[in-house]
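Would you mind keeping the following structure in view while I ask a few things?
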């Protein structure tokens, strides 16, 4: 569904953060992305959620060459992608409910749909009592769960999660990964960047490993 | 050195987040603080780094009753405390170097002292090449390391770290914990809130466990 | 439907709170400056009308024959002057009528040697240089004098013209700096919204959807500021003019906001609002265009 | 040492960029309003001096005896009027001297029945109501007329006084709204600095250390805005007055920034700067006091 070929990426005039990255994400696949801090994981994910264009190389997105797509084609693609940002990036002035509702609202869902979906999902991530709290009054883990809920509320075709369990306890972490796996089973292609070895071994999905901008692939270790 | 007795804490008119919390931190001790997301860990740490007054209960700080201390006495105490915030709270417009230098500058250190100390410490956390980068251009783990460097640059009497390794790989995580342990050996009383079971078992220090605002103590499991 | 209700911006109080006020103050300035320039314009117009219509020349010579000779010389000169439509000598009864307010109801001695008065009608098109004219008159008819009240009026007219030029430059300056400050203030306000814009963009909101939220917001700022500014300006002008009406003094009463002028002033908040909105839209669009 | 160099605030460009300009515009307004009020004040003063010093009464009666009788009656009335210092009849030679500019160098007939002129000196303290006075004169001496130029002047003086009151209210309004906008703008700017303040506070910086960073910053904003505003105001006033000097017209030339007045105007940026600084300091202190 998504193919990167010899992709390179640099910020401004700096050195290349990613070098000759090539991989393919099949529809409905699940991948982890690991690597030391500063290796370029977030940078790679930014390319996946269409926040940056690569400096060089070919990217094929949902069957289309990225370089052939104009600005106006991108919003439609972006609405098929859910993102959990490493630093959450919630709207500070909106409640947890409103934050999670936004992707639905952008798609133009009805009030009723919004109400039901959002409440159900926030209950699932254990925030039924904090529906109308602003991010500033949420704990770190609670913010992270709101960010995750916002990313998956749309049942996206591609889910990109950057360190989605760094601020929650192992139990909640498993619960959230379960959510991702369920979504994945429904067809959502998933990429999760993480430092949590426990998580990687628990799921056993194939692992992309980044180091100093070079990508290598560790295959599936069974299970999944 | 620090004693909490039947401390309760609520935000505004809300429910009590902490209830009847009592413990003592001996000088030079090392404690972990664990508990599910939303249990009140950050809230307890806020009391420790003097960001809030407890709603009730007695707090003894460096031998003085907190309620007997006026506003003017607190800055001196705060300068003896180093804090790693869960969400880093770096100054966005200052470079990594300047962020780490601030506590020294507040204390009134000379230019030379600042230069040497800051560069050495940033090199230790592996950021010698990102000295003059602004937080917006740092990766999640790099930001976290800057936050840690800023907390320890002063060799504080009390170090309070909230989830200090949530965004770094296990290797860097060990390296940072090593830094904490070294400081602790030099006399810094340390409290680290974390979800990382590996970390807790690796160090083996006594563990405060919070659940729904109730604190229980799990003693040292040897080693240390 | 969501186009209307998609509210992803924080309440504006903290961030752009100053903008409507700044717009208000700038419009107040604009309106006052334009009103002053317009008032001076009206004054100049009415004075010019006075001046353009006719001037008076008096020939003050004791001897009747000599007076008649100089009057004829002056008439010849005046009729040859470009811009002069006609020059007529007033009958002495008319002259006496002019003098009588001064003498009251004294019986008038028919032998009283009154000066000859020449009424000069101007065509109102060609400007007449009164200073040059009076110099030439002094040569042709030494006893002839241009009425110096009108010479003085012509001088004040020159001054008024200069003041009007100054005022028009002030108006220009004020309008320009209003535009500059609105643009500047708008962009400063938008700088604090960079993050919501970026997040909406990454969630797949179309540029137009993001812009719409700002359009309405800044349109409201502009209208609010514009109305406040214009309200204060109209109030001030009305107060000044009310005080002036009693006297009917030309220059001051011209400050009265005429219906026409008020209508124009009321267009200013609309202009300010559209300017604010356009600036917001361009700034947001530019920020969005810089994103992929 | 660090007191001076501890720079923990972001560059102000994005955040408080508007503040100096707003201060500038408000000061420009203030200065122009105060200058106008002062100019009208000067005008009123000089007109009042004219008016207060003396008025003229003419007794226009053809019959010499009757004229003398009415003149005496008028004199008695005038001398009894409060505010009148003295009333003297002008000798007929003096009256002739006043009439001659109109008659030119015509030989004056000694039998010409000229009106009697009474020069009334006022004490300049008690205000004299010229309308009431002329009504009473009409009863006592039907041939007596108060010079109506002066009556008109007294009317314009009333108007000027009212306009001045309006202008002084405008000045008050402008000064108040300047203060309000400075305070408001300052606090809006500071709202965006809540986070740096909180972090510095938690790192153990004393309140005074945090305040100092804002003091200098906002002092600079205030001075910058103040200087810009005053510079524009002085330039405008100077331009207007330069145009006016040639004519020497009282009201307009009063706009000339006198040395005294300029000195006062130059105090305004200082005032603005101190106001800005004080607002910043109070706002930051209050924010800090709300923290533990």
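Chains: A, B, C and D, in written order; residue numbering restarts at 1 for each.
FYI, a residue touches a chain if its C-beta (ideal position, glycine included) is under 8 Å from a C-beta of that chain, and two chains touch if they have at least 3 such contacts.
The model shown is predicted, which means the values in this text are computed figures rather than measured ones.
Here the chain-to-chain distance from chain A to chain B, counted in touching steps, is 1. Graph distance from chain B to chain C, where chains that touch are one step apart, equals 2.
Seen from the C-alpha centroid of chain D, the farthest chain centroid is that of A.
Taking the mean of the C-alpha atoms as each chain's centre, chain A and chain D sit 68 Å apart.
Each chain gets a centre from the mean of its Cα atoms; for chain A and chain C, those two points are 63 Å apart.
Chain centres here are Cα means. That of chain C falls 22 Å from that of chain D. Contacts between chains close into a ring here, every chain touching precisely two others.
Checking each pair of chains for touch leaves A-B, A-C, B-D, C-D. The touching residues of chain C, when paired with chain D in their complex, are 14-15, 17-19, 21-22, 25-26, 28-29, 58, 60-62, 99, 102-107, 109, 111-115, 143, 145, 155-156, 159, 162-163, 166, 170, 173, 177, 181, 184-185, 188, 191-192, 232, 236, 239-240, 243-244, 246-247, 249, 252. Put simply, chain B touches chain A in their complex at residues 11, 34-38, 41-42, 86-87, 126, 137, 139-142, 144-145, 162-163, 166-173, 195, 197-198.
Residue ranges on chain B touching chain D, taken from their complex, read 49-53, 71, 74-81, 83, 89, 91-94, 102-103, 105-106, 108.
For chain D in complex with chain B, the touching residues are 1-2, 5-6, 8, 10-11, 195-196, 199-207, 209, 289, 291-292.
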